[in-house]
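First chain A sits with chain B, and in the next complex the same chain sits with chain C.
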Partner chain A sequence: MRAAHSHRLGRLVIACVTALVALALLPSQAQALTTEKATARPNEDGGTGVIGGMPTRLTWEGFVEEGEAITSVTLTLPEGASFDNTTTKVTVLDDLTRIPNDATATPSGNTITVQLSDPAKEGYKLRLEIEGMAFPPEGGDVVVTGSYESAGKKKDLAPSKPIATIANTWLQQMVSFLDAQPWVQAWNQNQFLGMFMKPQLVLTSLFSLFPGWLVCLGIVVVAYPFAILLGLVFALMKISKFRVVRAIAVVYINVLRGTPLFLQIYIMFFGLPMMNINIDNNVLGVIVMAINSSAYLAEIFRAGIESIPTGQYEAAASLGMGRLLTMVNIILPQTVRRVIPTVTSDFIMAFKDTSLLSSVGVMELMMFSKNLTSVTGNMTPYVTAAIFYLIVTLPLIKVVSTIEKRMAQSERGGGPRPKAKGKESGAEADDAATRDEAKGAEPSMVEALSAPFKAGTGVFGGVADAR
Partner chain B sequence: MLDRRHPHITMPDVPPAMDAEQAAVEAHARDKELTKHHFEPHEHPCVRIEHLMKTFDGETQVLTDVNLTVWPGEVVCVLGPSGSGKSTMLRCINLLEKPTAGHILIEDNEITGHLGTKEVNRLRQNLGMVFQSFNLFPHLSAKGNVMIGQTKVLKKSKDEAEAEALKQLDAVGLLDRADFKPAQLSGGQQQRVAIARAVAMHPDILLFDEPTSALDPELVRGVLDVMRDLAENGGMTMIVVTHEMGFAREVADRVVFMEGGVVVEQGTPEMVFDNPQNPRTAEFLGSIG
Partner chain C sequence: MHNMSRRSFLKGSSLLAGMGAISLVGCGGGATPAADGGSAQAAPDAAGTIMLVNEGKLTCISNMYFPPFEFMDEKTGEPKGFDIDLSRELAKHMGLEANWTKESNMGFDTLVPTISAVDYSDGTAKGKADIAIAGMTITDKRKQEVDMSDPYLDSNQSLVLRKDSEETLESLNAEGKKIAVQDGTTGEEWARENLPVADASKGIVKLDDIINAMNGLNSTTYDAVITDLPVAKYQIETEKNYADLKVAEGIPTGEQYGIAVSKSNPALLAAINKALKEMVEDGTMKQLQITWFGSEV
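The block that comes next holds the complex of A and B.
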């Protein structure tokens, strides 16, 4: 026991001695002015990074080794860095004692030369604090090199440890600009505003959340056509003549509508891998969303189809149309018109529901904002995420209400009228309803959808017509 | 015959449909005096209804025993109080209602009984129908309404169908409304489009189910004018269920009065309107006119 202990101690002593010898030998052999420290202060924003192209302070410390008398030091940074218009504070220390020295700094592009009035002797420490310098704007790891003059001889400095810098994008500049604004500082002083709506974070998260927003949109936009198709199939199955087909549709629709989407996501995302079916997260997200929406859409379509009056079926039948012809040419086109508002509402729901996919690691908007929030400890990314969701949902909500209004109008028969072609026929005494002036052509779907975004659009002239 | 769903109701057995030749001869003898329409002894009636019976839900008996023959080119107006079964009879003719018992023969072909979907659809192409509530397709323009049957059922080319549609819309005086949606048309205009839609299929027989009942009084005339034009210049066989006594008197070759699910009285307009034989007819006409 004791022997083992002393043995271990002996080894430790040997290791220490070896290290000390190495430390003592290496500098003296290699360089006589050792770079002890080369650091940069983060920029003015209280963040943690050093941004290139922005004024900051470089601190460099060197230790004068044996037999040297340093008269000048030149520091060099990579191309793009700038020492122009800097103020340099030079400190010469002998251990903890400050040695007075009249130093002059001559900045020139990416180099700066410091001339000492009295040579710095062995054992001295030289500290340069260069205020207002800037690193190369492209960012990256920056190494300080340079040379020094000792007793008339010029020697090279060993490269310093790299300083990590951040590329200076326009976004970074914007953030720094915001940092400097007094109103931003005042704004962030407010506990609520600073926590939920910090301007700098709003700005940066708008950009860092954008990919997540695209994923959300992508998932729902890809999923929805499938959902519509599936929904239509199940809607038609539900009104089928055959009991078995109807039963299948009823089970499908009721199970999917009767269970939470969250649960369905878990079953699919954790169940499929357990069966060794591995599908890309985004693709699986699309599948889950499509299946879930299809059940709701099936019900919407079924209700839509059943809302078409019997007279339409009879009129089609009296023309000799079969069931399929009637469905395709008469019933479905009318159903589409009727269900557009409800389907749009469902689309809004589906879009919002993609947020649930964050729980299983799909990199969508919610996931991005969650990560950003945990990094920054600030709620602002969530608020930004809300903005992203609203960018999609608010216009759609407007579209829904516009179409609903328009449908209510056309049901009253007050829709816009196309211009009458040719001559007015003589037998128009009974045409009280068409006496109004024509108000432009029937709006196309594109016009209808873009209408809420246009000011004073004439497409929905039916309002004036109806009065 | 027992109704499967309502075994307690006993269905009357009806005799099988008559032989075509014999029926034609009998109908000819019977109808000769009852209609202004002129037909030859060798002609066969284009619609023959024998002992037609219709029960809804096995309980409400709407048609008890309807017998009627309609000759090619004849205009028959069916009158009667509401609930007398006029519309039901009309709807039975193109099988929008399935007859409970009895026979309907179109061109001597029996359509009652078990007809396949294809046969029913083919039959309906030959039977144009105009509804009380127009039943235009709201998503299609007036022109589109007239075209759709031609393109989808008759498989005509789009150009052909469009030309026909414009011709028929012109005939009903709505050429300038060809691109209007039904919602943009007045009721009278909608009904005229509906007539054009039915006529564009070139059916042998046109069925009118109270075509003016849903119209404001001032819009009725336009529709009746179109129907009169069809009857007088188109030579179309028409069965018109209507309350328009004036129209019936002026245009009809024969007026049929129905009540309680049976044909109570029929004859030329003069016979029925001026000298009704049945007291119910007289009462009805008195109350109306």
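The block that comes next holds the complex of A and C.
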């Protein structure tokens, strides 16, 4: 009881003290020009930080209190900051209405003085945007201080909330180094080179686009196994004996192949949330890509399966194999080999198509380069993005052409053909050939996948098998 | 990074009117190299010529997803809007015809680079368009790349929310919030600068156009949209689908829209500024504002 009482007393005392302190503080808080905010535009390429020693824009806003008429404002930054060579946009606002004012800004080192043509009256908001200024290179929290002049009297401004800045990075120092190089300047003088291949931007964008490239790769690499599985299921459904199953597969494949991926992305990204289904953007990206690719893969697989000669089915049947066994052990392994080039091409397409996800805010390569381009007003980030795409697609294109060459060779009957030799010799060799055939019926997946890279293996597919 | 130097020499002063350029005596600038990031105004030149991409036409580009400033007619696909009408009147005042084609619609982020890439080096204009008119705020950064005309309209930013949302500008500056903006706009800049916590956690989503942003907000993909106040107001008032959205507050930025013109074509800039002034004086501008905003802005 007593304890509770003293608690209450304590609270009362605290309340009184708080009120007194507040009263004491109140007059000093009533600045004639209240600093509302001071912010800086992030100037880290592809990042969100404010880097010291690099040009950026400082925005300072102040609110004119009762009975004042502001004629000039001086902002001061810590030593090392620079307002030199800046341009300043001064806006006087009465709520949302612009008040015309011709202001002049005089920068000098780490201070800048803005002189207003007409005094800013009470209730007005003063907004200064200083483009091209730089914070101290060493970084840290920067507080904007300064003074203002009201009716001929000079008073100090209340310090702003600190602006967090970071130290100049080695990358930015490299950029400054490039800036100073005569050859870089000459290079950028050329309108084409300067617009599409600005060395400074190539350098910075290589770093800032990298995370986007990983996202692209991640999405397609995760999506593709699912696409293959789904594709296989729908391919088998499409060659099913049952009409209904076939119909489902046909509708699925035709709708997805017959509509643009862009549209599918929009439907999924804007449609699902409307049904209160909220999925992470990247995951949804994977899902859309997997579903889209599965339709194309289904067609590729179906064509692959149907290209296997009837003789293979008959041979399997003669060995007493059932339909399922034939499909899994004989037909599919041969199909794998035949479809590898087309599947790889489709993979390349899918990888490139991840760029469409940028339109719905997935932070992938295209998105990063678009942001960078809009910030810099230069096309170089797109060219760098092209390099990133090519890093993946060029080797794959090479793979496709190698496989196709090998396949064409074996279709023509080129290269060593061990089986042909076996058929020429007598009964014993025939037996061996049969054993070979039997063994060949169960090739491992690895063999099947690597077959196209080995010259003239001639085990699967090809004219030889048709006999 | 900012001191992008651009070839800006004009051989233009002795140009012939027949070479895809029309001559407007007394309202042009001649061969004045615009200094780096500079504000050097071209000295008036008696033989100042306006170089145009298409003879007799003022060829424009814009981003057509920014109603009421520019958008495509639902039925015909024709460009419509305040800026479109403004460009037509502007061209009329300059003795030209505004040229809007299907190709006039571009990504907002590419407008400034496209205008600055027009090649005037041999005295003729080789490029896509003469001007970009797209509700584009005059900023010092854009002025480093292109010249901006005198302002033709005042604007502000705004915070758009769903009607049931309790978010404020303060509460949005937190991890996990998703704020949609249009790529390359002052709205994007404002959001990145004033909502750094959200930005650092990749919460500021940059989209191609503001329609996507509004749809995404409507479908709860995003928590808020930051865009130009007139656009937000018009969208919510006219579009039935946005009945659940509101302009939560106007963000006073006092920005002003201008028309982007190449730095290498000072004569065109001067002619546009002159025409804009005439349009204010003869009431054309007022009429346009009444048509599109219901009242004078």
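In the analysis below, the second predicted complex is superposed on the first by the 247 of 467 C-alpha atoms of A that agree within 3 Å, B and C clash if a C-alpha of one lies under 4 Å from a C-alpha of the other, contacts with A are read in each partner's own complex, and residues count from 1 in each chain.
By definition in this document, a residue touches a chain if its C-beta (ideal position, glycine included) is under 8 Å from a C-beta of that chain, and two chains touch if they have at least 3 such contacts.
Everything numeric here is computed off the predicted structure, so don't read it as measured data.
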Discussion item. In the overlaid three-chain picture, which partner chain does A:337 touch, first (chain B) or second (chain C), both, or neither?
Written reply: first
Discussion item. I'd like to know which partner A:153 touches here: chain B for first, chain C for second, both or neither.
Written reply: neither
Item to complete: Please work out whether A:398 is in contact with chain B alone, chain C alone, both, or neither, and reply first, second, both or neither.
Response: neither
Practice prompt. Answer with first, second, both or neither: which of chain B and chain C does A:257 touch in the superposed model?
Written response: neither
Worksheet item: After lining up the shared chain so the two structures overlap, which partner does A:161 touch, if you call chain B first and chain C second: first, second, both or neither?
Response: neither
Worksheet item: Should A:191 be classified as contacting the first partner (chain B), the second (chain C), both, or neither?
Response: second
Worksheet item: Counting residues of chain A in contact, which comes out ahead: chain B or chain C?
Response: C
Worksheet entry | chain C-contacting residues of chain A that also contact chain B | none
Item to complete: Note which residues of chain A are touching chain C in the complex, please.
Response: 37, 39-42, 48, 54-55, 57, 59, 85, 87, 89, 91-93, 95-98, 125, 127, 129, 131-132, 164, 175, 179, 185, 188-189, 191, 194-195, 200, 269-271, 273-274, 276, 278, 359-361, 363, 367, 370-371, 373-379
Practice prompt. Could you please specify the touching residues of chain B with respect to chain A in the complex?
Written response: 94, 96, 117-118, 121-125, 127-129, 131, 133, 135-139, 148-149, 152-153, 173-181, 183-186, 188-189, 194, 197-198, 201, 218-219, 221-222, 225
Worksheet item: Once bound in the complex, which stretches of chain A touch chain B?
Response: 309, 311-312, 314-323, 325, 329-330, 333-334, 337, 410-411, 413, 415, 417-418, 420-427, 429-434, 442
Response to the item:
Per the touch rule, the chain C residues reaching chain A in their complex are 1-7, 37, 39, 107-110, 112-113, 116-117, 119, 139-143, 145, 154, 156, 180, 183-184, 188-189, 192-194, 196, 199-200, 202, 205-208, 212, 215-216, 218-221, 229, 250, 252-256
